[in-house]
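Below, subunit A partners subunit B and then partners subunit C, in two separate complexes.
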Partner chain A sequence: MDNIKIERTERTPEVNFDFSRNTFVLRGESYPENVPKFYGDPIKQLQEHLNNLEDGQVSFDFDLVYFNSTSAKVIINLFETLDAAAERGLDVTINWHYDADDDNSAELGEEFGEDLESANFKLCPRD
Partner chain B sequence: MMLAEENYRIRESLNNQGVIFCYSGYMTEAILSGIGQAIKQKLTIEETDSKTVRSVFSVFVEQMQNVIRYSVEREPENSTDNVLSYGLITVGQSNGNYFVTCSNKIRHEDKEHLDRQLSRIQKMSGEELKSMYKKILKGDVPESSKGAGVGFIDIARKASQPIEYDFADVDGTYAFFTLKAHV
Partner chain C sequence: MSLELFEDEEQIIESSRAILASNTLNDAAREPFAALLKSFEKLFKTTRRMMRLSDRNEHNLMEVSKSLDEKNAMLERLSHQLSKYLSPQVYATIFSGQRQVTLNTERKKLTVFFSDIKDFTATTDDMEPEDLTFLINDYLTEMTRIALKYGATIDKYIGDAILIFFGDPESRGVQEDAQACVRMALEMQRHMADLRTKWSEMGYARPFHMRVGINTGYCNVGNFGSNERMDYTIIGGEVNLAARLEGVSDADGITLSYETYALVKDLVVVERGEPLTVKGIHRQITPYKVVDILADVENSGRFFRQEKDGMRLFLDFDRLTEQSRRLEAIETMKRALERLNCRVDGGEIPSP
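== the complex of A and B ==
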């Protein structure tokens, strides 16, 4: 599967999905005009890829400065997708990056992370 | 009346309410971007702490997107792409707190539903808002409370006081809805 690399804009995050290394990154701001249109294809490809993986390590970095409530829905779905992959035996780690002074983002990360049953979850404060 | 006098009166009336930004007219996603950036810039110049800047910005985005999606005054009608949606937004400061208000026309028949949703959100504790937020995001929401828009809950979570809202009658068909959140 071809890697996906989308540059960040004022309203959309950098998307860096490396299917050969199994590292996945969303970095920047997320309040796209059209959320399904922006995330639809990359997430579909990620799901297909994970479904075809038998074992191995997968890491997903959520490095978002701001995301709106519609993007939050996408994020929580991604958590569920990654947790399901971990349940099937993949070694999945989710890294949640946030500004050290941003307790709202830290709290949201914790809220999303507490429902994970099989994936590893790390809170990663930025300096 | 003189042109300048009339517009100055409007400006002074807004200033007296602490309004820093005001837009009334057709809203688009591009307008959201533009005003949003200006709000961040202005608050940063005022050395507002970054948490407050983030919360004001976030409440602003959710409020604008509510108008863009749900205002009944829209052109072209019944379209969801590239719409112009009429609304009024203000961002200001009073008693040391920032506030964001947003208004748009709704149909009378939608008033009761909106009122029920918002009065429920208004009474929720921080913990209740948190759990409702996640339930809605996960799609675990009973059919009866569908449309307890996650945007409204997000606004209530970022607000430092319970949200305020009410309705004004416009005519037999429409009411004017306003939501105010203090950050």
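== the complex of A and C ==
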């Protein structure tokens, strides 16, 4: 599967999905005009890739400064997808990056992380 | 490819509808199951609506926030430009909210500085407007820089004249304010000598000579004018007196009133002038012309400056820290003394 690299814009985050190394990154701001269209291809491919993986390590970095409500739903769905992959036996780690002085973002990450049953979750404050 | 954000929820609804349609539920379960599905469908629809609404609101908020940022940046630029029309201290007190922009004045003891260029009209009569603009701006820029260094409140420029005061909005005490004013005036006059050298080198045949008058006394300070257009300024007889003292001052000179002299007598050497009657002042005024700054005051600083007719001496002690440089300076001054002594004694002038 070809890696996916989408540069960030004012409204959309950088998408860096490295399928050969199983490292996945969303970085920047997320409030696309059309959220399902923007995330459609990368997430479908990610789901397909994870379904085909039998074992190994997977890391997903959420490094988002701002995201709107629909993007939040995408993130929740991604958490569920990753948790399901971990339940199947993959070693999945989710890294939640946030500004050290941004309590809201830290709290939101914690809330998202609470629902995980199998994947590892790490809060990563930015300096 | 588009992502179906609520795929799971829609699948649950579809399969639940299929169960209801298949009549596999018994009568007791059918009714509450149908009610539960209806409620879930309603909740699901509401969630989608709320999410769209939330996105729209967030988008609007972002737009408002951006627009506010732009307006703030514009206001900041404007206020920065407007600040050039005000004295920095006055600007700071207004923008920090300490001072109300209303027609209010108060009485304070201030030291008032008034200066102008001697024979300005005659000096600049045949000058091209561009040259005049350069000279006046260069002069005012340099004088302003020195004034701000000493914490002065620059009231206004009136053509070639400058009105400055000490003691409002900030005061370090009446005596300290007066001393700061006189120190500032001395530095201005010293710097004028440097500026004249520069201007001469640039080809200006008749460079400016400044006259200064300084007085200390009670003035009315505050906003004068109308609610539509006001000036933060000072008025009163003591301001007039500073202007009159400037009028009787020599070119390159600083003339003090007795009130100011009494506050700075440890700082300067003065020459007491003959009492004068000046326009608009009932009492006779004794001018005190500053002839020198006291050596111990001068020696305490970084620089040593003396300027007399036919002599200019300037030492920057911070640049004479190396022994070799100090010796070189001493040698130079010795040679100058030898030549000077020969002149005084009427002897031959030794070659350099």
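Simple rule for what comes next: the second predicted complex is superposed on the first by the 127 of 127 C-alpha atoms of A that agree within 3 Å, B and C clash if a C-alpha of one lies under 4 Å from a C-alpha of the other, contacts with A are read in each partner's own complex, and residues count from 1 in each chain.
One rule holds in what follows: a contact is a pair of C-beta atoms (placed from the backbone, for glycine too) under 8 Å apart; a residue touches a chain by one contact, two chains touch by 3 or more.
If you're wondering where the values come from, they're calculated on a predicted model, not measured in any experiment.
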item: Superposition on subunit A - do subunit B and subunit C clash or fit; value: clash
item: Which of subunit B and subunit C A:K37 touches, first, second, both or neither; value: second
item: Subunit A residues touched - subunit C or subunit B, whichever exceeds; value: B
item: Touching partner for A:E117 - first (subunit B), second (subunit C), both, neither; value: neither
item: Subunit B versus subunit C as contact partner of A:S69, first or second or both or neither; value: both
item: First, second, both or neither for A:D103, with subunit B first and subunit C second; value: first
item: Touched partner set for A:D127, first subunit B, second subunit C, both or neither; value: neither
item: First (subunit B), second (subunit C), both or neither touched by A:E10; value: first
item: Segment of subunit B intruding into subunit C (one of 1-9, 73-81 or 145-153); value: 145-153
item: Residues of subunit A at both interfaces, subunit B in one complex, subunit C in the other; value: 31, 68-70, 73
item: Residues of subunit C that touch subunit A when the two form their complex; value: 1-6, 50-52, 54-55, 58-59, 62
item: Subunit A - residues contacting subunit C, complex; value: 31, 34-37, 39-41, 43-44, 68-70, 73-74, 77
item: Touching residues on subunit B, where the partner in the complex is subunit A; value: 29, 33, 37, 49-51, 54-55, 57-58, 61-62, 65, 130, 133-134, 137-138, 150-151, 153-154, 157-158
item: Interface residues, subunit A side, partner subunit B - complex; value: 10-11, 31, 33, 66, 68-70, 72-73, 76, 80, 99, 101-104, 111-112, 115
